[in-house]
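Two complexes, one shared chain (chain A), two partners (chain B, chain C).
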Partner chain A sequence: MLLEDTSEGDCLVVSLKEQRLDAVIAASFKEALLERIDHGQHNIVLDMAYVNFMDSSGLGAVVAILKHLGDKGRLRICRVTPAVMAVLKLTRMDRIFRTFETLQAAIAA
Partner chain B sequence: MDSCEPLHLVVPATLLDAQAATERVVNLCGRLGIEERALYGTAVMEWLVNVVKHSYAHASGAHITIYVAAGPEAIELRIEDTGAGMAPGQFEAAPSELLFDESDLAALPENGMGLAIIKSVMDSVYYHSERGVNRLTAVRRWAR
Partner chain C sequence: MATARANSRGPARGRFKVFNPLTDNLGAMTSRPKVSADPDRKSLQSAVDYHLEVTLAKGSHNADPCDYHLALALAIREPVIRAMNATEARVLRAGAKQIHYLSMEFLIGRLLANNLRNLGLYDTCAEVAADMGLTLADVLETECDPALGNGGLGRLAACFLDSLASLSYPGYGYGINYQFGLFRQTFMNGFQREQPDNWAVHGTPWHIERREQSSMIPIYGRLEGDLDDNGNYNPHWLDWNSLIGVPADIPVVGYGGQCVNFLRLYTARAPAEFDMAIFNDGDYLRAMERQVAVETVSKVLYPSDSAEAGRELRFIQEYFFVACAMRDIFRRHHGAGHRVDEFGQYNAIQLNDTHPALAVVELMRTLVDEHAMGWDAAWAITQQTTAYTNHTLLPEALERWSATLFGRVLPRHLEIVYEINRRFLGEVAVRHPGDDARLERMSIIQETPHKEIRMAHLAIVGSHSVNGVAEMHSELVKSQLVPDFYELWPGRFNNKTNGVTPRRWLLNCNHRLAALISEAIGSKWIADLAQLSRLEPLAADSAFRRDFREVKLKNKADLARRVRAVTGVIIDPNTMFDVQIKRIHEYKRQLLNALHIMHLYCRVTEDNLPLSSPKTFIFSGKAAPGYALAKLIIKLINNIARVVNADPRLNGSLRVVFYPDYKVSVAELIVPAAELSEQISTAGYEASGTGNMKLAMNGALTIGTLDGANVEIARDVGADNIYIFGLTAEQIVQRRLQGHAAQEVYDSNADVRRIMTRLVDGTFSSEEPGLFAPIARALLEQGDHYMHLSDFADYAHKHEQAARDYRDAERWTARAIANVARSAHFSSDRTIHEYATQIWDLRQVV
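After this line comes the complex of A and B, so read on.
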């Protein structure tokens, strides 16, 4: 699984450079993000531009990250592809996550 | 919408093979110009993961049979395994849509969403076990 971190002020931009966020990588993806949170990264932008397939395991991992941040942090998701947005809408999770069309908008929010 | 040859696969029951099979379903839908192809792929992936993790409990040497036919009227999925299957009534008891309290962060679901996704994506979904074969049949008819 390829994750790329970029710092933008106090914001950590994590880009998931995989085409699929599914049961194959969901556990390691979740673990990697929880580790970042536990090391003090509480302001996270998740760049999903490369991901064109997500299943419930992948979605569950993103939910777990949001829950782990809780009140102490913020999670924004940007550049969500239509296929991933379709899953968010189908599950009504689009009402839970803050999504942005561009990376800049997510960082600035 | 055109039709094309149905997809008939027998794949090892592993997550990587489930992933590869799902990609073939998405590609089939793509060739037919099905707009929400990723959602049908997601439905297939959900069931394959369920079979790998629960019906076969990651047993080695197990296989899954996948049949997908799509055309001008509908898309039909049929997936068979010979694992432990689901307990009677378990499939029917699963909600047909994901229900949660949006204001309660701690209560948001992290797992157990697969069956709800399948039931949301497809119009009709049936699960049946007979003579050691577990079969999921799901159909989505296109709106006219």
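After this line comes the complex of A and C, so read on.
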């Protein structure tokens, strides 16, 4: 699994450079993000531009990250592909996650 | 150009190009000949040559008729696909409303011959085949006949698609691409045996896979409730499993070739080829397991009467294709630039029975969850879009799904069903305060003995139109099946009598009669069946009658040859061909027909009474694998055939044949040869029937009950041209109330007593005398629910009348011509026009 971190002020941008967020990488993806949160990164933008398939394991990982962050921080998701957005809408998760069309908009929000 | 050598596996070949690298120009051989919309013989020939040599890599030394079939189909596919693309562009430009016909079954039959007829290329292709030393009919015979349905409901869907395209309506079918169709039927010692029907094993040239339009379909999982930013309930669907629905389109060529719509069938695939994580761990078998489980969803078609096995899989099948269809309809709707709130303006969805009734819930879920639409607006769109066709009055055939199963597979959908029901019952309660019994009867949820979802109620509540499929059936839907709903919404209920496409069921299957008709009145009847009324005066024309009889005799001779080849039984084309071809079911009463044949046999062999006319009884049909009594009826008919056909006392005057593996192509062979059409269901049980229409349209006289569309056939062809017998639906209800009907008939009718004795005394089961005791018990001890014995005397009487009438060939022919001339009402073009104008509000796009 390839994750790329960049810092924008106090914001950590995590870019998932994989095409599929599914059972194969969901657990390690979740662990990696929880680790960042536990190390004090509470303002996170998740860049999903590369991901064109997400199954329920992948969705479950993102939900777990959001829950782990709880009230102590913010998770924004940007550059969501249509296929992933369809999954978010289908499960009504689009009403939970804050999604942005561009990276800049997510950072500025 | 080289000349083909005769191939030992196929017919002799004539001119056929074989590539010789030493002498032939490679560029000339591989350049792809274009096939225009109206190709001549030469360009078609070049295209067939090209596909045979380049696409299929075959030469005259190893090509068999299957290869020629494929090459011809591939050559024709080109103009078909161009016309399909042009049709889609035209519909898009017109901004036209579209109808999406959702059906678990599409019995489409073989496609090449029908497509050639509709394209007007049949004769040109026959010439091309002749140039190759082949007979087109032999080539066409090699095409597989996809059995993607059980019977009438699936064939109706296929006829409707043909009419939609022929009438230039933008209409599309959605269903499942079953890997295994309905089983292949064989007989072993007269017993039905079921073999898998892997129909597409050799591939089909008509499927156009649209992998890029695949849909992800979630099932199972759980709901987690939450509140959104506005404090509203916001359930999340989590931990689901994914299916991927991969569509493949089959072009539906309308008559004239101007409009080519499509039937979109979905195959279930696993999200990835297999689970790579498990695969990488080295557990290869487990990695494959999930893929296999997912792909099972589009593996098998359930025989309708045995859905008990694998109910969960059947439920998932229903949701799978509905969900795929809905995503596709939305994709196309948005692609056309329309807004979500315009969905009902541009789309109509017809539910072919309750199998796709989940569409009501899926549409609501899509609008409310994915498009954040308010409930009331979403409900208005759902009702505006959806219409439901009821196909059965049999209580056991009305689908109900356990709420537990429903909630396990589709947790969010169950929640939506409960909400639909809560609001609906609120509406009923306002109309009928304090009437709890009514609420219980009408509820979408049946509370006792187990909580179940009544799919018919869901379909009725979620639709703006509910139709039956024949006048009598539609009345029974209102008065017996769901009278409470009719009282609540009388304007929602209507009738759309079924129909059959005259292209497949006259032009293509009975080309001799089609040619005779066209010679007499021109060919406009093919697109306007009302023209057939112009044949009416020709019934009095002795030359036309002679030609008509000659056509029938040739068709009978064709069938006789095939019967001999397939069953070994020799039948005489000069005898009356009496035909009963349909699914085997007690209510359809193949048993009544069998009992009557036993009666005729006894009259000849025991009473020394000759038959009034020599007769050949032809049966064909499959029994659901789990339906023991229906399978025993098949065995009885086969045993009767064995005894009767071997008895020299009959001197060939009575023959019985059970043609195996009934399917569309078998019907196309038998229908043109039929003279008497057995439509003898217990009155009140057959919703419509369409075999009755096909047979009348091809000049068979009907012997039938006042049931389903028989009532309308009787009205249209006139009492002189049909044999109606038996108790009416009302009389049957009365008779049941009186009780003991079967025993009374048995006591009072010596013929019936003799048949019942012969049924169990070993006359027809010498190897096992008690074999047919379960049938005897059903008739005498279990009350003869389907009234075989009560109707027997009248049935035998009408048969006798028909046999006597048949001796006057001139008069019989005139009556057969009257049946053809008066069959216009039974064209599916008429039915589709009614659906389009009265339910779908659809416009033709030309």
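Here is the rule we go by: the second predicted complex is superposed on the first by the 109 of 109 C-alpha atoms of A that agree within 3 Å, B and C clash if a C-alpha of one lies under 4 Å from a C-alpha of the other, contacts with A are read in each partner's own complex, and residues count from 1 in each chain.
Just so it is clear, contacts are C-beta pairs under 8 Å (C-beta built on N, C-alpha and C of every residue); 3 or more make two chains touch, one makes a residue touch a chain.
This one's a predicted model, so the numbers in the text were calculated from it and none came from an experiment.
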* If chain A is used to align the two complexes, do chain B and chain C fit next to each other or clash? -> clash
* Asked: If you stack the two complexes on chain A, which partner ends up touching A:Ala105: first (chain B), second (chain C), both, or neither?
  -> neither
* To do: Specify the partner with more touching residues on chain A, choosing between chain B and chain C.
  => B
* Quick one: classify A:Lys67 as touching chain B (first), chain C (second), both or neither. => first
* Asked: Does the superposition put A:Asn52 against chain B (first), chain C (second), both, or neither?
  -> first
* Between chain B (first) and chain C (second), which, if any, makes contact with A:Val24: first, second, both or neither? -> both
* Considering only touches as defined above, state whether A:Thr91 meets chain B (first), chain C (second), both or neither. => both
* Segment of chain C intruding into chain B (one of 274-282, 508-516, 634-642 or 706-714) -> 274-282
* Asked: In the superposed arrangement, what residues of chain A touch both chain B and chain C?
  -> 20, 22-24, 53, 55-56, 59-60, 63, 83, 86-87, 90-93, 95-96
* Of all residues in chain A, those that touch chain B in their complex -> 20, 22-24, 52-57, 59-61, 63-64, 66-67, 70, 82-83, 86-87, 90-93, 95-96
* **chain A partner contacts - residues on chain C that touch it in the complex** => 216, 218, 221, 226, 228-229, 234-242, 271-272, 275-277, 369-372
* To do: In the complex, go through chain B and note every residue touching chain A.
  => 15-16, 18-19, 22-23, 26, 36, 38-39, 41-42, 45-46, 49, 53, 98, 100, 102, 105-106, 108-111, 113-114, 116-117, 120-121
* Residues of chain A touching chain C in their complex? -> 20, 22-24, 53, 55-56, 59-60, 63, 83, 86-87, 89-93, 95-96
